[in-house]
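After this come two complexes, each holding chain A, first together with chain B and then together with chain C.
Let's turn to the complex of A and B:
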């Protein structure tokens, strides 16, 4: 994934796959592709934040915030303003959360973001007049409720997320992210705006997670707090991005495909209750066997060096 | 709110706080030594609750003995889990550590779903202790047992860490693993020891869960979420902080569900508002040591 042709190939393959499935007239595949695409967007959003060294367990907060923002703004204004509202609201919340948690490191950050998610769920339950309480809300239907068009719309969002992710992986941002992640003090003394860059990553990540949530809410035009503010939507992006390969655009997409397909197979084999047992087992196996994710393992397999922003080093050193 | 309900609520909160403190002290011990947050700690508690439940309902075994058996079984399971894969992720990046224990948590929850089904059960054990009447309020016998065993567990862990040779080695290995290695301490063994003790306390806490709460596959997740709040309040790695945190959390939560109309469903969330506020004001918790960035 390091040369321009390879990058363009990735975009072409993703576009072709989404368009191919959308026009294939197979409802099951369309639903599966929608699930994979939403997961991939969330995972990319998580990965963008993680590039500054923060391991977030709060993606569900923005996911839910997005769905709820469209649902609350849509009746008051119109659909376009509601979607614009998602960007504004999620961006604002991300900026505030980013500023507030700026001093938190490592596990404290993870727990604070987890706490933020569950607090939002409480806010929904405490103000039922405004948020519909436990009964849920009705976000506007995406693309009139036609699954094929929905897939195309969400696919479009994925392409935008990929573009943003790739821009952030280019020369201008990547070294800054790398330094902030590994040595924040050194980054600051080299003139990298640490706070501004961290907040920027937080906002981008929050906005994409919110948009993914709004799309999810628009699938059936109905969400409850337990649909969106669950720990699942916080863990999934982490699992997908780490298993696929962090600090890449390709990794989260590959991870989303692998994990969602696996989930379907497990559901088929084990049934509705407890099928996620496979999920847990696979996560453990991957972390032990492929600590650098599938992308890292593939690179190691083909003897490619893993590129860091400050030069190259041999792959699979297993740091 | 009248005086009887208020004092009754506070008393019951304190017994439940003992349970949360027991769970949180295992969690914070594991973190303090290995710097890994064990997201699967709650699932060890849940397995412990099921073991105690089945021993009681199938063989009529006293829940206190059941809790001890659960503790030993969970200790053995911790050993297996630690040697099988947790030891391998110790040196990996933080996101891999989080993911590894989350994976274990998902695995254990779903195994419980498959084996025992998702429905909640209640253990109908004969009362071990009679209910205690203090003036106008009563504490049910089971809550009393929870309070006593929870306190014993807590005192036991503190004594182990502060008063025994192993505790000293454990603290050395956690403060400075490299120096400990030079001093001839088996650091790997010490890390394993912290997980063994963590497993033991989780299993025993599970027995306590079976005494006073409903038993279902997600009970551990519920409990450990509160344990996180408590640990964040008290400071990761601080066992004394866990007790203060548990008391604050449990009283706040029970007050909300008793005195706020419809508050029962979101008393849980109060825990998390507290976490966020405390972490913002004091990033290392109330009693936590400063964490190096």
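Let's turn to the complex of A and C:
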């Protein structure tokens, strides 16, 4: 998916799908598409951060922070400032947390991010006057509550997230990000400011997760802490990105479609609580069968080989 | 004596109770090839790390010319023209040779101090004998090619000082001769070169001066042939009473 025509095709397909479903007048498909789109934005946000080697289990923290920021700022300012506030608050939150935690490596960072989610949930419960406590808050209704318009708005945000993701996969950033992930000392020895670059990725990731959360809150204009500060919103982006294919823009989107459809099919066929077990089992099967994600498997299938076969390598200089 | 490029003054580095560097003072002359040798664990790599800002010494100073760079961040040391290679290069396996070289070209080179200026990663690859491999992913490179890539990556930083940490280890005789040719070319271009090496053949053929480290201290310094004949150096390396 590295060639330009393939990338443009991806944007065209995503735009067409979102517009097509939004104007289809089928409420079920519109709701499903909204769910897929929000999931895709979160997964892209997770993937952007993971390219610098940081596995976040704290997407829910930013997701919830976004929803709560619009809810708290909307009554005291206006809707535009409330949305702008999401970018500022989530960006600042990421920058501060980044300064504190991004020196932690791998698992330690993952555990620390899990901690953000839990502590933000507690903060909401401890200051009920300000945050509505367990009763929840009322973020501004997105697009006047019309689902078709909501899908278009969230779809627009997805396109922006895709563009940012693709910019970060371009020449200047991609090799530097991957080098930070593989060996930060080596990246520093190439002149890459490692901590600053990680914080940049964390801010971008946090802002998109926050905007996705504000969109989610705006669907019905009502959220409770148990809607947003759940481990589900933290684990799912990870599962989606790994399933779809990491380090790509296409992977998280494909993963979101597969996972959400799978969830619906399992719910339809099995129902009750049992569907979650089947749904979980299928995810495990996918990950075991396709360790490089669906994108990696597709690339291998169509000869856009991820791994150059040893025999086809050009001969080394015989010096 | 030529002008001094990198120098250390009484640098002490401690890991827990162990003194890895115990007051090392070395001045590396500008425009020369200087060797840094010593038995395993003598502190060679620690010294390189300290000079590149990757380890903060407990005391002492590191200077580049007249500037104190002891507490300068590693990525900013690179921008001042000091580049290094790694003994065991761990590069992202999914990136191509060209992509690896592009990182220091985008981030490292300020261009001011560069002795050999390249306009494109492919030119660096060409210069280091990796011309046909620019589009090859690093996971498919041989040991020799990885070593050349490490030199190419460091060279793409646009250095005035280049620290080569065991770039010849594990290479065949033929390959090490060709890498030595490359080092000589870099020297002729005006880059100050510091070589850490176990292969004495490399030290004696390439280096103008050599420093011997042992237990975190400078044991001897001087011309390679002279230094290697010193009894204390032979002892540190080969054990007491060894006669080749």
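One rule holds for everything that comes next: the second predicted complex is superposed on the first by the 304 of 319 C-alpha atoms of A that agree within 3 Å, B and C clash if a C-alpha of one lies under 4 Å from a C-alpha of the other, contacts with A are read in each partner's own complex, and residues count from 1 in each chain.
By definition in this document, contacts are C-beta pairs under 8 Å (C-beta built on N, C-alpha and C of every residue); 3 or more make two chains touch, one makes a residue touch a chain.
All values reported here derive from a predicted model rather than from experimental measurement.
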Requested in this report: Answer with first, second, both or neither: which of chain B and chain C does A:181 touch in the superposed model?
Outcome: second
Requested in this report: Once the structures are superposed on A, label A:118 by its partner contacts, choosing first (chain B), second (chain C), both or neither.
Outcome: first
Query raised in the report: Once the shared chain is lined up, is A:246 touching chain B (first), chain C (second), both, or neither of them?
Result: first
Query raised in the report: After superposition on the shared chain, which partner residues are touched by A:189: those of chain B (first), chain C (second), both, or neither?
Result: second
Query raised in the report: Is chain A touched at more residues by chain B or by chain C?
Result: B
**Report entry** Partner chain in contact with A:104 - chain B first, chain C second, else both or neither
**Finding:** first
Report task. Go through the superposed model and pick first if A:172 touches only chain B, second if only chain C, both, or neither. Result -> second
Query raised in the report: Can A:291 be said to touch chain B (first), chain C (second), both, or neither?
Result: first
Report task. Under the contact definition given at the top, report the residues of chain A touching chain B in one complex and chain C in the other. Result -> 319
Report task. Would you mind writing out the residues of chain A in touch with chain C in their complex? Result -> 171-172, 174-176, 178-179, 181-183, 185-194, 247, 306-308, 310, 313-317, 319
Query raised in the report: For chain A, which residues are in contact with chain B within the complex?
Result: 50, 55, 57, 100-101, 103-108, 110-112, 114-119, 121-122, 125-126, 134, 184, 231, 235, 238-239, 242-243, 246, 270, 273-277, 279-284, 287-288, 291, 319
Report task. Note which residues of chain B are touching chain A in the complex, please. Result -> 31, 35, 37, 85, 88-89, 92-96, 98-100, 102-111, 113-114, 117-118, 221, 225, 228-229, 232, 236, 265-266, 268-273, 275-276, 279-280, 283-284, 291, 293
**Report entry** chain C residues within the chain A interface of the complex
**Finding:** 52, 54, 73-75, 78-79, 83-84, 86, 89-95, 99-100, 102-104, 106-109, 129-133, 136-137, 139-140, 142, 144-145, 153-154, 156-157, 178
